[in-house]
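So, here come the structures, one by one.
What follows is a pair of complexes built around subunit A, which joins subunit B in one and subunit C in the other.
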Partner chain A sequence: MKLNRRRFLKYAAASSAVATAGALFPGVSFGNWQNLTNNSGIISWQKAPCRFCGTGCGVLVGVSDGRAVAVKGDPNCSVNKGLCCMKGYHSVQMLYGKDRITTAKVRKNGEMVEVPIKEALDLVAEKLQETKDKHGKDSVAIYGSGQWTIPDGYVASKLFKGCLGTNNVEANARLCMASAVTGFMTSFGIDEPMGCYEDMDHANVFITWGNNMAEMHPVLFSRMLANRKRRTNVTVIDFATRSTRTSQAADKSILFRPQTDLAVANAICYEIIKNDWVNWNFVNEHVSFHKGKTNIGYGTEDHFAFKDKAESINFEEYKLFLEDYTPEKVEKISGVSARDIKYMAALYGDPSLKVTSFWCMGMNQHTRGTWINNLVYNIHLLVGKISTPGNSPFSLTGQPSACGTVREVGTLTHKLPHGVVMKEHHREMAAEIWDVPVSNIDPKPTYHTVEMFRALDRGDIKFIWIQVTNPMVTMPNLRRYRDGALKDGRFVVVSDVYPTPTTDVADVILPAALWVEQEGMFGNSERRTQHFAEIVKPPGEAMSDTWQIIEVAKRLGFEKQFPWTQDDYIGKIWEEYRKFHAGPKHEMASYKVLKERSGVQWPFVNGKETRWRFNPKYDPACTNGKEFDFYGKKDNRAWIWARPYEPAAESPDSEYNFWLNTGRVIEHWHTGSMTRRIPVLHNAVPSSYVELNPEDAAELGVVNGEMVKIISRRGEVTMPAQIKGRGVPPRGMVFVPFFDESYLINEVTLDAFCPISKQADYKKCAVRLEKA
Partner chain B sequence: MMKRSKKRGRLVTGVAALCLLCALIFTGSTAFSASVDLRDFDNQGKKIYEANDATPQIYMSADSGDRNLASFYELRQYPGSPPRIPHEVDLTFSGDETDCLSCHARGGYSQEFGKFVPVTPHPENSLCYQCHAQVLTEEKFVETEWKSIMPPRLGRSFLGGSPPPIPHSLQMRENCISCHTGPGAVVEIRVDHSARGNCRQCHAPAVQTTPLQEFVRKP
Partner chain C sequence: MPIFSYLAMPKSGAKEVLCADLAALSNCEVIPSDNQEVVVLVTDTPDETTEDKLQKSLNNLQSLQSLSLAFGYDDQEKQ
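Right, the complex of A and B next:
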């Protein structure tokens, strides 16, 4: 490092400050960080939601000399009350990876060449128009994510659905929480949880359904542990297919065979009825019974179509349906002892206990994901433990704005910001707010995510714009979709912050602003909308995803629909979007309020957040004068569904004799494109591995670190074994974290999905193992 | 005394084994949950949760200032070596090492030494003298040229205000709460927020004796 005099003086001053601090705190030494030049030593703090999971922790980002330098938990945020996890605390380091994409790149004669971003945007607009003219409106698509800010998703939907007239708008949240949505819609007729995180301070029993909260939602999990410590009457049950940190922390760990949660949930209901723990006042007033289609398929074939049909049944029919699910019968299916099933039923059934159920990917990434969501609601509805503090079936989310952007803005093929494309009055509302002819909005949904990438492979889609997500690591049955994206005649635009396997297949790469380099909003799991300002400048020519879409929209001639300037667009977009949700069921806070507070829960009615929906004590949308009002459904009741146990799309057999389960570790988030560039996180878990049960490992003859080949009918990957590491799968199952692009485990997984939600199942397919 | 308790231990193990056997017979191949030992993975992370449950809140936030890092490292030959026993051990103690645990398993105030007692992170290893040596003399047999590496520096957060990573190996030191909490803890490394209970939620292991690796994308 060359030092001029001025810089030397600054450096000396900084060093002496460190020396002084060292004298003040004997034994404490300070890290060998690169010192910032022009650094006054003063840090200014600004609020933001964390960039990672759907918990939505409030953080304070410390800025010095125009750079983000530190993170604190935001004590004003009720989500985390000043606590973060290791990802949150180090999150600002993700902004400064050396290989950050700062300029646009365009493929010219097979090579990616740097170009000014204006030129790249011109090309994107030109290609989009050309493809649409030549192959029709449904040959162009946009694929975003639950990390899209609310304005990102909103302008994407407005441009593609409102202006271009195609419903080819999807987001990776389809692969993450679509089953949660269809679960809510079928059981309650309205999306997102009735409860909130405050439930944790009231509940006596927590049951985690296939949900390793200790690693995936650690801040919420430690709030649960703190409650168990503070109050004497708190029990935690981990109900899972694999032993994890959550199992270790729980008072009881119960393992079940993959997919059999369906049977166990029904058995719990059987026991509740058999022991007459049913809350009859609640059930008679607020519940109706239904059944749907069975043997509904798995969607592994192209053009798979399914539509459920609800039929009313009475309580006696429901009770008869449950006869197949006695604890003794279910013990044989699930591997859960009848005693443990009865124990869980007794916890749900005991009227003196408040019960909160938590779940996330285990229930949602499930070929019967909608059903298992329904079935857990059934349990809570039978005993009336819902919509009151501490009684909460709670669906957690994995991305910072899966709720805010994908579910609320509706960046899914069938959705609009309010309602669905299939309904005329919803289309009319959107057309009016968007200032487009209503005929622009196509009443027919097109492709859900898996089918969208199939369409790209087939050539039905020829132009796809991918923002804020890394499908070339995350698509199940990945090889087909990567080969498809690379075919001639496909034009792939990728907006991202770092090179990934997805930018590897791009024809245009647009440099994107990351997190607090732009203004925006996220929406977390508990209906909380969280605003963040542009706290630091994006590097180079990087631009927010929202503004990229606006630039392209303007080039396509939609200035009228996208009239905003770069100074005020986020506030203007918010106020326009907010019109879709006017009314007590979904009223959103104003831009001004969002800027002031560390997150605001909707419905935000007359200046008050709604913590528990469907309960008139808390929810102003309740109008029926009764103790509860399940106003989402036309019959003003919550729906109990008779949903059977059906096996997984692919189960182990004599040839492929292991289950493959995939997931995450606390250190890394999704495909690791951000967390792997944070030194402390990468250093803790530098590469992925396959977890084996110790006995299976012994039988295979591998020890820790030796290579194992995992082979399925679709592909194979060879990776190091981990035994008794972070988690332990039961015999006959292996588990692989999917964050590592060097081991593309999704080349092995199966693209089967829930026929109702169209969400893929990443937790279950059949593989065999070889010592490599 | 010692012999008797050992016998009881065997009996208990025997009964437990019998129960397990019964469970296996009755549930057949469905005995699924019993197949994983929850104590035996993730660096025995269960210890943290158990310590969190077992340690009273008031103890977690208490501080006596009795021990500091200087005296802590004085007892060790190198960072991570088993400390020597810094106090006299009554001869009647010597045949029965598990009695160490009567103080060091749970901590608390020792009348005898007038101090708060440090808590062992690995009470399941009850053969204490296997590793922890008594000090009968400070005199060396022959002078030595042994040199230790420097102990890990403190406060090496990756960012100002971020939780410092765990600078030492977790082997034998899986239970964070035992050493980092309570009035017997070393003042420089004592924390008062251990009631959060899930230490490795924020503190990532980054052992300082191994070089840091940076993520580099393979071409």
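Right, the complex of A and C next:
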């Protein structure tokens, strides 16, 4: 037995290295390696989506003696075709960290004390009810995550919006995907990408807009590079604010000054029109032109409110608007040479080339996030390069179910599983499916994420339940929100798997089941819903987040709305939820189909997945009889928006003379609460650092590893310097990965956000540096 | 009783020498790529002392340009 296990582990080790090689060297082959086709007699393999990024790789989890011991890429999953990145490969080890939370704890006389989970759930229900009775329904809130499973988010929304009557439901995807959503809604009237990963097998040009895919979406990146190797006519352009592994692998790296992507995108459109590269047939049939408000603010003050107003304009007015964005003028703002702007415009404009644009946090975490999403769509719409294989403006997601749980289930203050709380017929639909009076659902949204934590600080919210996320590391301008959470009269419940700075502020900690310790579904970046079974048992009293919410709902008297048993709740919840999306625009696969396949793309109509939306060759929702049908908008057209360049909320000045940019590294997932407990990943990057340009480092007199103090108007952090590491910022910028709770970089960042999407900008604020 | 796997990159043109060097070491299994300049190395050592010795030998290999860890397993970590 022992020998078999060891043999198996060596196999897992080899397969991991082979996969890593596959990601680094497209097409690499190891002919001599005997891939164990089945198993060594001690293993069963079961499918699941990877727990980490929004790519949604299908994996097979190997189980031996009731313990998950290995992972391999699922060759049946079209996303990754058997590949995995290092996070995916090592993911099972996150289940078994030594300090896993396995029992509930409650704060008694200032100390956290272990209690049976039943007692903790009783207390949560009692406090929730008491707070609501005393301070009103909007004094209680739930804050979840794009790592919530779809059933987690669904029952949270049903309990809080449908039963308790508050729209205080938000998720951390507000901080990672909200601008993508408002971008889709304003340009197309319907959320989520029109294309799919198969676009990569058709495109000739890939432009990554502020998107370090090599580290953030490594499996997709290797698929892109594999295409470049296989086909002769593929070019990859990295358009970014700092040099990364993506820039190194690209055919061309173009750097722009932070925030000026807005100006460059407009300049590309200017060039397309000037050179008459416009696809007039497409534009005349399928596009309309609009403008919105300008000078829209940054949301740094409490109770900030903004509502955009669309006005129709004609093509000539749009063309006039672009006069401010000649390549020569934009070169001065952006630092991108007019030549490079013209080069990118020519790629988009060449009718013989298929172009896919990829973006993720660089465009979304942006105080004009909605606008920059609109502007990249403008480029694709002017040349008609959209909704056909290889022609794809493609917004990637960061989290495994930001799309599935947050965008589709609608776990945001203004959303419902179908539509928005502001619309009566959407409320009626929800009330009917949820079996609650329609008057329960409040037509007014309450707090988006930043404002929700401001409300907690102010005391407008007094009870908050946080699940599957770590806001006490990730909130921008963090100190205010941590101090707020610790104020008297706040009651904080945290469901998590490991101790974090967020469990540190909790009054109740609930032990949560992690990934394949529960049944659930995720939804990835390309509209793919992925089911996973409970493959191993959760440890101790750990319980799925879904079931924790159901337990509390039952205690609050909502047995009728939550009638399920632990044996069958996931299937029942899915079938109830699916009713919200009935119809060809968003039909979801049945529970039975999801269980059988390694992911199914919606709309799933008559047993067929939809790969390209708005194109009648693929999309059954198209009914206008034309080549494309942009059915999301009432005018049946996609909208081009005149959106200007406006500066960032805070830019370097004489006192704070550097840009601070924050982000991730390939080894770690978000705040590192899971990946830092995986020895291989932890050892690879054991602590965070600040990346400096070598010339700035020399001027400051620091060498690799020396400590640098980063100071902003909000806080400071001292951390080791990294010079000429995997990323190199331009002069005047520093970059810090946020995975390490020992260096809380978000005490330095600014809580400014896009006024339309309310998504915070983690990529731009002003700091100064000192040698520590 | 650690098990590790690595991607080993040979110095230019030295893949075959590297494979021979690695195969000569105890506790090592070598899987060369047949079309690229990269080698997968799997190590399985019975104890820390042997592991340390092996690490030293790896560091001294002339044919090796770089070694990056792909997988690590250590019994002690998991208990």
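Couple of notes before you dig in:
What we mean here is this: the second predicted complex is superposed on the first by the 731 of 772 C-alpha atoms of A that agree within 3 Å, B and C clash if a C-alpha of one lies under 4 Å from a C-alpha of the other, contacts with A are read in each partner's own complex, and residues count from 1 in each chain.
What we mean here is this: a residue touches a chain if its C-beta (ideal position, glycine included) is under 8 Å from a C-beta of that chain, and two chains touch if they have at least 3 such contacts.
The structure displayed is predicted, hence computed values, not measured ones.
In the superposed model, A:Leu225 makes contact with subunit B only, not with subunit C. When the two complexes are superposed, the chain touching more residues of subunit A, out of subunit B and subunit C, is B.
Shared-chain residue A:Lys161: touches no atom of subunit B or subunit C. In the superposition on chain A, contact of A:Glu331 is made with subunit B only, not with subunit C.
Of the two partner chains, subunit B is the only one that A:Asn693 touches; subunit C does not reach it.
Once chain A of one complex is fitted onto chain A of the other, the partner contacts of A:His90 extend to both subunit B and subunit C. In the superposition on chain A, A:Gln248 makes contact with subunit B only, not with subunit C.
Comparing the two interfaces of subunit A, the one with subunit B and the one with subunit C have residues 25, 27-31, 86, 89-90, 679-680, 683-684 in common. Across the complex, subunit A is touched by residues 1, 3-7, 29, 31-36, 38, 40-42, 44, 68-74, 77-78 of subunit C. Across the complex, subunit A meets subunit B through its residues 25, 27-31, 43, 62, 69-72, 83-86, 89-90, 92-93, 99, 214, 218-219, 221-222, 225-226, 228-230, 243-245, 247-249, 253-257, 331-332, 334-337, 340, 499, 666-667, 672, 676-684, 686, 693, 724-728, 730-731, 741-742. By the touch criterion given at the top, residues 6, 9-10, 12-14, 16-21, 24-25, 27-33, 86, 89-90, 96, 679-680, 683-684 of subunit A touch subunit C in their complex.
The touching residues of subunit B, counted against subunit A in their complex, run 27, 29-33, 35-36, 38-42, 45-46, 49, 52-53, 57, 68-69, 153-163, 165, 188, 195-198, 200-206, 212-215, 217-218.
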